[in-house]
Amino acid sequence: MSLGIVVVSHVPEIAAGVQRLLAQVAKDVSITIAGGTDDDQVGTSMAKITEAFDANTADELLAFYDLGSAKMNLEMAIEMSTKPVHLYDTALVESAYTAASLLQADVPLADVEAQLAPLKIK
Amino acid sequence: MSLGIVVVSHVPEIAAGVQRLLAQVAKDVSITIAGGTDDDQVGTSMAKITEAFDANTADELLAFYDLGSAKMNLEMAIEMSTKPVHLYDTALVESAYTAASLLQADVPLADVEAQLAPLKIK
Amino acid sequence: MLTVENTTAWLNQFAAQIEQHQSYLSELDTPIGDGDHGGNMARGLAAVKTALATQPADLTKLFQATAMALISKVGGASGPLYGTAFLEMAKQSKTDTDLGTLLAAALAGIEKRGGATTGDKTLIDVWAPVVAAVQAGKLTQTVIDDAVASTKPMVAKKGRASYLGERSAGHLDPGAVSSGYLFTTLLATEGIL
Amino acid sequence: MLTVENTTAWLNQFAAQIEQHQSYLSELDTPIGDGDHGGNMARGLAAVKTALATQPADLTKLFQATAMALISKVGGASGPLYGTAFLEMAKQSKTDTDLGTLLAAALAGIEKRGGATTGDKTLIDVWAPVVAAVQAGKLTQTVIDDAVASTKPMVAKKGRASYLGERSAGHLDPGAVSSGYLFTTLLATEGIL
């Protein structure tokens, strides 16, 4: 069961930037993103999130988001997704980075989640 | 005494994206950024941080960062800065957003810091 | 009783109200949010109008199309919230056409989607008393107006306004105001209630 | 005794070692970091070489120029850390030219800058035993090699490797290895120790 990461942000640049930060330490982890609305304004898009789920080559996903309304769109996308997706109420950049480092080292999901727990802030 | 925000990230896109997110809710708050190394690679630059301090039109600054090495460069820049700069070990995107919302509403520093406290994760 | 015709009329009127009050809604969203609620809702309701113009065959399809338009076009928190509301009404309408029952399902969906409850200074503070009034057969403009006004002194616990903590008090909640338009136009539509 | 001449020779040799082992350092930084330590240090030491070529007038200026080159060119955690080390040596060199005293000041600066301590799997695990050995007049290649090797089983508590928790064990710390080169070239430079 391979694990991948999905980053959802209200801003396209933040999502792209987090992907860049993570890619450096997790070359073998599939990291896909959904940033901004469909027309790249500040906001989130369920369609973009669904695309990020589909584009991710892993078969089980860890999802991170910035603000609350991203969470709502994420949850709607999760309800429609065929892949299992785990959603974390943790600090976006820091927890996505932590997860990426650990997944690159083939750390199992339970251990990753244990390291994410102290980063819960939402 | 006006308060401003400085965002320091390892990635230029993250810094620019956070600025965009904050600008939407804090039109009257000076928000400056330092993202990436001098040649826009992943990393941080003391020179860019110093420029972000100088470019900020406020006379007292709240600084937020992503990973530990950004903190070291921030601290070096703070030691050389003439403006007072407060450094927070809090979730980058979420705490910068919180601070921006509150500063826009003219909330005094002590109250802003009280709301930032639960976001400490580093 | 809800029909495709009167529901279409209702939602088109709601869209007209949103369009008319677009800048007011965004102004309300400025001190305690990001100033886009009017734009978000106007974009969403324009898509709803387009969907309704295709004349959905039944109420379920009508609510589904409305939900999809809102979910895909709004871009802010109000998208999944209003979207979920209409999605729940679509589901419920397969077995039921009682407006009170449909709205109660919608409210439950909103609460589940956003994790907010009465008193959190969100659109729920309009939906909850209005749904109760509809179920009791007692919806009036006063019920709606009072519900909208009740959000002013509240301290936000959910959404962007919650980042302001105590400072969110003293402002109407933008989502509550837009929901006020939804129910005002419902009340004004002949034959539904 | 430290002079401008032998210190210049030392740091140029250090730069040469970094250049030679650049890809090895980045390889070490790959499983427990972001794979850039070799590139970071090579960029920094190239700037140091350029600064040294201008022949600083005294030791204080030499250490200052070295610090500034590292601080401004490295781009990673090692920049402020090595930079602070040389900045502290610059300060200390105004009143003192004892190598042990200078290095002790540098180590204190590194500890303050990064908040790490012995056993955290950082370059401090090389600096601490080496500085003690220099002060005791007992620095040998074995002291250096053992210090570098000691970082392998450690669990990182600071820096990017710390995100890996337990999984950081079993790898040499890249900063420890580059510091090993610093002290190996110190040992090899005639007349300093």
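Going in written order, the chains are labelled A, B, C and D, and every chain counts its residues from 1.
Going forward, contacts are C-beta pairs under 8 Å (C-beta built on N, C-alpha and C of every residue); 3 or more make two chains touch, one makes a residue touch a chain.
Here is each chain with its UniProt name: A, B, C, D = phosphoenolpyruvate--glycerone phosphotransferase.
Small disclaimer: the values here were computed from a predicted structure and weren't measured.
Common neighbours of chain B and chain C, listed by label, are A. Across A-D and A-C, the chain pair carrying more C-beta contacts is A-C.
Distance between Cα centroids is largest for the pairing of chain C with D.
Centre-to-centre spacing of chain A and chain D amounts to 37 Å, using the average Cα coordinate of each chain.
Rounded to whole angstrom units, the spacing between the C-alpha centres of chain C and chain D is 62.
In this assembly, the C-alpha centroid of chain A lies 29 Å from the C-alpha centroid of chain C.
A straight line joining the Cα centres of chain A and chain B is 24 Å long.
Among the residues of chain C, those in touch with two or more other chains are 34, 36, 160. Multi-chain contact residues of chain B (touching two or more other chains) are listed as 24, 42, 67, 97. Chain-to-chain contact here is organised irregularly, matching neither a line nor a ring nor a star, and falling short of all pairs touching.
Taken together, the chains touch in the following pairs: A-B, A-C, A-D, B-C, B-D. Contacts from chain B toward chain A in the complex involve residues 9-18, 20-21, 24, 35, 42, 66-67, 91-94, 97, 118-119, 121-122. Listed in rising order, the residues of chain D touching chain B in the complex are 34, 36, 40, 71-72, 75-77, 79-81, 83-84, 113-114, 158-160.
Remark: chain B residues 24-25, 97-98, 101-102, 105, 107, 115 touch chain C in the complex.
Note for the complex: chain A touches chain C at residues 37-38, 41-47, 67-69, 72-73, 75-76. Considering their complex, residues 31, 33-36, 160, 163-165, 167 of chain D touch chain A.
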